[in-house]
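Just below sit the structures, each encoded as structure tokens.
Both complexes below contain subunit A, partnered by subunit B and then by subunit C.
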Partner chain A sequence: MIELITFLILIGVGYFVGQHFESQHYASIKAREKQTLHIPLMTFGAKQTLPHAHEAQMFVGSVVVANDYFKTFSASLRNLVGGRMVVYESLIDRGRREAVLRMKEEAIAWGASQVINIRFETANIAGQQANQASCVEVMAYGTGIR
Partner chain B sequence: MGPYVPKEMTEEVNITPIHPLMNLAHLFATVAVTGLLIYGGLGIAASQLATRIGPKTEEKIGAAITASLPVKTVESDSRVAYLEDLLSELQRSVETAKLGKAEYPPLKVRILEMDAENAMVSAGSYLMVTEGLLAAVTSENELAFVLAHELGHLHHRDPLRAMGRSLVFVALGSLLGIGQSTSALPSVVNLAELSYSRQQETTADDYAQALIVAHYGHGARSLGFFERNREPDIGALNKLVEWQQTHPMSSDRIERLKNRFQQKNWPTTGAATPLPENIGCANFTSCN
Partner chain C sequence: MTSLSRPVNLILTTLEGVPGKEIIEHYGLVQGSTIRAKHVGKDIMAGFKNIVGGELKGYTELLQEARKESVERMVKQAQLLGANAVVNVRFATSSVAPGAAELFAYGTAVKVQ
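Up next, the complex of A and B:
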């Protein structure tokens, strides 16, 4: 019985706190995306000519987003039956957008007119064993030019 | 090419628009329904198996279970032969009592070194009585009723039924050859609550009663042991406790059997058959 109560408390904390942070984070992401909208992010192929630039510098934005208990539990159930990991979609989405924003904000501070050839890297931090903190690192990097 | 006009994205393309709680509820329902189906399926398979399992498989299961018993058995005791004789006499009366043909493996009698008064059967027709029981009975009729009750359990294959859902795993194990090892099976069996249901006890009581009447021609003295070891009456809790314990008979069960003697017009008077002397002691020699 005590185990069940502990579990329900953990699930409750995971859900309410997790949802609260997630909606806050999304609000921040959307506001900052609007602010940085004027700087284009472009990707060029190998045979395309790159835009003319006086200076170029690489910018890296990286973020680590942690899972909450509710998501972990939902995902473990999902693992039994298979299908879309709906709860992890928002986690990864937040990670990617936050990483791009951090990179972009740094480039804007430097004075970039655009950021080209952006790449993503994703790494799983811990999370291989149960009872360990599981989180994901998303890194975005690109070349800022001015 | 015109100048760069920034365009804001308002749609969430990377996130499935489903509420996380709805998603969880859906998952829960799927897992619960599947789990229930498997659990129910195991139950059906187990009850089918209990009636259809072959004597060889049953022997294997029984051997594994009895090998893991925590109680020591009395080795080479002449009382075992006596019990075997009494049991085979009782078995001969099964036909007279019109109880149907029994299809359990041949009986294997064991005496357990245990002071508690009890008797039990396990799969594979292992019939065990405790030394305590042998010391406590005062006539053959009483002992015969207890033995006949256990024969009733065997007749209805209750030991297999009592294993419940774990029977499926045990039977699979013994069919696949894992059952040869005595260590693997009991661990599966321990998972199940090895207890008979109230219904099974009642049926075994009826069986024993009919068998005793057929064997001795009357039911006198047969319930004596149970009456002396009657459960203390504890009022409303009684029903609850009765569910959990099987062998000390409750007053309800004794009363029911007494009424049944009357209903069936079975005689309840007659001479008691005496027990051999010193049955409470090893090899019928006097205890020291």
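Up next, the complex of A and C:
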């Protein structure tokens, strides 16, 4: 009985607090994306000659994000029937956009006019147990030129 | 990670060359890696975070620090070869054991004008 109550409390806290944090995070991401819109990001540029570039430096942005209790639980239910895991999609999306923003903000602070040849990398750093919540590291790296 | 390439005067890029400069010599592949385990205190904090979700700042810092070290190792190797730039840098991450992660950086050491 006590276990059930703790479980329900954790689900409730995970749902409400998690959702609150997520919407807050998305609001901050959207605001910062708008702010940094003037610097173009590209996934190409490795082979081009860049006559307007005088200096180049590598920038890395990374973030470790975790799912909340409610999402972990609903994902384990989703595992039974298969299909789209919407709860995980928003987690990775948040992480990736945050990582790109960190890289971009660093590049802007350095004075970059654009960031080229961006690459992404994702790693699962959670424990191997199946019941453990997933915890994903997302990183973005590219070369800023000025 | 602002100081990723600053303490050393070596150019790091993810491009196939250095803009505005010409490559005069290739030294081949250089690499650096480090394996980090989780910190118990940080793990407890992460356990709390798993209830509400969001960013795990402790882990972010841990991995950034580790990545910096792997880049430094790669840079050291490049400097030993006499290079002044590492081009086409790539990163890879793998979890080798529960609670430990390997951070790996590799690139091509070159000399530019």
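We adopt the following convention: the second predicted complex is superposed on the first by the 133 of 146 C-alpha atoms of A that agree within 3 Å, B and C clash if a C-alpha of one lies under 4 Å from a C-alpha of the other, contacts with A are read in each partner's own complex, and residues count from 1 in each chain.
One rule holds for everything that comes next: a residue touches a chain if its C-beta (ideal position, glycine included) is under 8 Å from a C-beta of that chain, and two chains touch if they have at least 3 such contacts.
These figures come from a predicted structure and were not determined experimentally.
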item	value
Partners on subunit A (subunit B, subunit C) - clash or fit	fit
Contacts of A:84 with subunit B and subunit C, given as first, second, both or neither	first
First, second, both or neither for A:14, with subunit B first and subunit C second	second
Touched partner set for A:53, first subunit B, second subunit C, both or neither	second
In the superposition, subunit B vs subunit C on subunit A residues touched	C
Partner chain in contact with A:143 - subunit B first, subunit C second, else both or neither	second
Nearest-approach distance, in Å, of subunit C Cα atoms to those of subunit B in the combined model	14
Overlapping contact positions on subunit A, where the subunit C interface meets the subunit B interface	71
Partner subunit B, residues of subunit A touching it in the complex	15, 19, 33-34, 37-38, 40, 70-71, 73-74, 77-78, 80-81, 84, 86-87, 89-90, 92-93
Subunit A contact footprint on subunit B (complex, rising order)	4, 6, 8-9, 12, 14-16, 18, 20-21, 23-24, 27-28, 30-31, 34
Of all residues in subunit A, those that touch subunit C in their complex	10, 13-14, 17-18, 21-22, 25, 45-47, 50, 53-69, 71-72, 91, 98, 106, 109, 116-119, 121, 123-125, 127-129, 133, 135, 137, 139, 141-143, 145
Subunit C - residues contacting subunit A, complex	1-2, 4-5, 11-16, 18-20, 46, 49-56, 59-60, 63-64, 67, 88-95, 98-99, 101
